[in-house]
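Below are structures written as structure tokens.
The same chain A turns up in both complexes below, where it pairs with chain B and then with chain C.
And then the complex of A and B:
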């Protein structure tokens, strides 16, 4: 797995260095101007947060059903990635909102549900760290609950009245905006693969250390 | 102080902290919210000829957003690397003790 780190890191750096060039060439949005260009990093980060929620939830379900420790290790890595990408979404969103809406934060359904999703996974990590015996199973149940929240977060803008742009902004992007946007999504996917691979590897190494100490009778 | 006293005192301080947090959140809510939410956009309207003054407006917030992404991801990568180095060290120690 470690052999993947180098190529993924190089590819990530190249893609993240090229992204601002493409974004700079993308057309401005009529009413928001420059600040709308936060969209090119904000939305891919949100996509990675949702992808991570599914990874964490699905592998948690596998862990609960089949009692496979490997599944739990993948779920923990996924849970941490939800919190990291969620934090990026929750910081870049208000920076955009401050100009687009005139306020940093609105307690509307999209923002509140995204915050709740992030808090569920923060809770998941806290349970995993401080929950003591049985925390793995309790955490897994929390992750499934968190994953179930994702479709509601996604469709919330289309069902309820909210200031947040609807999901159709992505599907209706003109060519000038669509190319840099999907390029950024790809860049985030590669970065996600790098971070996720490294994070899963860390969990595997930890499990090996624990096993060795257990065999030596130190734990 | 008895253990019961310490437990009660700990619970009381946690309850006070929670109550303070809840009060702050409730007080902050109306300050951030707008009175009437206009409907969200369903499509972006691209424009090529924006006046130069409008093009670079709010550049600081835009730069801040990009910095958050770059710094956040690089910091997370660095943290994983450090944790991996520490675990590798533990692994080497455990293996050498085993031999």
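And then the complex of A and C:
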């Protein structure tokens, strides 16, 4: 994992240096104009947030049932990434909405579910930090229930009218927009992999220090 | 055997509660105080705003529920009886079901007072469709208590458990609150849209099934050291 860090870092720097150029060259959307370009970062960040929540939920279940500490390290990294990428989503979204809809926030299906998902994982981090002994198990349960919760929130808020652009918008992009969009998705994926490997590595090191500390205590 | 154990755990909890009535009285008092606060927030010149009554009822139930959950397990922690329960040679999930039944009965008892009180104070037509109302309340309370019992049990050994219970519980049980509030608000309309109420009710049932299953599945590994 550690060997991956250097190449990923270089690749991600190159990708994020090129992304603004591509985004600037992409055609303007007819009705929204410049503000639509926020979408090139907003949607990939939201994708990473969803991906991360599933990584956290699935590895939490593995940790809880198989009692493997390695799974817990992956789950923590996933949980923290949900909060980081969720923050990007929740900041870029209202910036766009202020221009496109005229308000910062509406209680709409996607907004509510994204906010709630973000809050569940904030709760997850709070529990892990302040739960004291056994906090890893508490957090694992929170992550599993949080993951199971997503469809319910989605269905329950879907019954209200939605204003948010549908996900199908991604598949109907014109060529001029599709290339920079998928480029950004790839850039976010590389950045995600970079942060993820770094975080898991950090957690491994921390576990090793703890182990050494315990061994030193025995001497 | 499973249900006998569950019933025994429930009977133990109820016996303790009937002797002191501590949780029921304090929870009810707290819920009524909540309602009073909302009465100042949502009543303008003698008129209740929109379908505020539905929201007030569900917030009172969930706040009271959190309090009751915390207290029930605080009692177990105080007397170190949860350890004794866990040492008993029975299925862990039966203990969970027993605790859940006890909390459900407690919350239903509180709702018996809260629902007429909200209907009376906010002149809300809550009883226009009693069967649907009972269905919504039962399914909603079950969903809330199913998750709540698991988390409260897990938190018994954690530091700062009083703060963490709401932190864990509220984000997870939001769908129950949404479905409960929306369903109850529909009942308050002059022409009740029965199909929509049934839709919310089925969503609550689906939630109950998924979260009860998950709780039964995770209770054992969570409560094992």
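We take it that the second predicted complex is superposed on the first by the 205 of 219 C-alpha atoms of A that agree within 3 Å, B and C clash if a C-alpha of one lies under 4 Å from a C-alpha of the other, contacts with A are read in each partner's own complex, and residues count from 1 in each chain.
We take it that a contact is a pair of C-beta atoms (placed from the backbone, for glycine too) under 8 Å apart; a residue touches a chain by one contact, two chains touch by 3 or more.
In this text the structure is predicted, and so the values were computed from the model without any measurement.
Peer 1: If you count the residues of chain A that each partner touches, which comes out higher, chain B or chain C?
Peer 2: Residues of chain A touched, chain B against chain C: more for B.
Peer 1: Counting only touches as set out at the top, which of chain B and chain C does A:191 meet: first, second, both, neither?
Peer 2: first
Peer 1: Touch check for A:22: first (chain B), second (chain C), both, or neither?
Peer 2: neither
Peer 1: Pick one for A:125: touches chain B only (first), chain C only (second), both, or neither.
Peer 2: neither
Peer 1: Considering only touches as defined above, state whether A:62 meets chain B (first), chain C (second), both or neither.
Peer 2: neither
Peer 1: One more residue to check, A:30. First (chain B), second (chain C), both or neither?
Peer 2: In the superposed model, A:30 contacts chain B only, not chain C.
Peer 1: Taking the superposition on A as described, I'd like to know which of chain B and chain C A:11 touches: first, second, both or neither.
Peer 2: neither
Peer 1: Considering only the touch criterion stated at the top, classify A:179 as touching first (chain B), second (chain C), both, or neither.
Peer 2: Neither partner.
Peer 1: Which chain A residues contact chain B in one complex and chain C in the other?
Peer 2: 157
Peer 1: Spell out the residues on chain B that touch chain A in their complex, using ranges where they run on.
Peer 2: Residue positions touching the partner: 29, 32-34, 37-48, 50, 54-59, 61-62, 64-66, 68-70, 72-73, 76-77, 80-81, 83-84, 87-88, 90-91, 94-95, 97-98.
Peer 1: So in the complex, which bits of chain A are touching chain B?
Peer 2: So the residues of chain A in touch with chain B come to 16, 20, 26-31, 33-39, 41-42, 45, 84, 87-88, 91-92, 95-96, 98-99, 101-108, 157, 161-166, 168-169, 172-174, 176-177, 191, 194-195, 198-199, 201-202, 205-206, 208-209, 212-213, 215-216.
Peer 1: Provide the residue numbers of chain A that touch chain C in the complex, in ascending order.
Peer 2: By the definition above, chain A touches chain C via 64-65, 67, 116, 119-120, 123, 126-127, 130-135, 137-138, 141-142, 144-146, 148-149, 152-153, 155-157, 159.
Peer 1: Which part of chain C faces chain A closely enough to touch in the complex?
Peer 2: Contacts found on chain C: 147, 150-151, 154-155, 157-160, 163-164, 167-168, 171-172, 174-175, 178-179, 182, 199, 203, 206-207, 210-211, 214, 218, 221-222.
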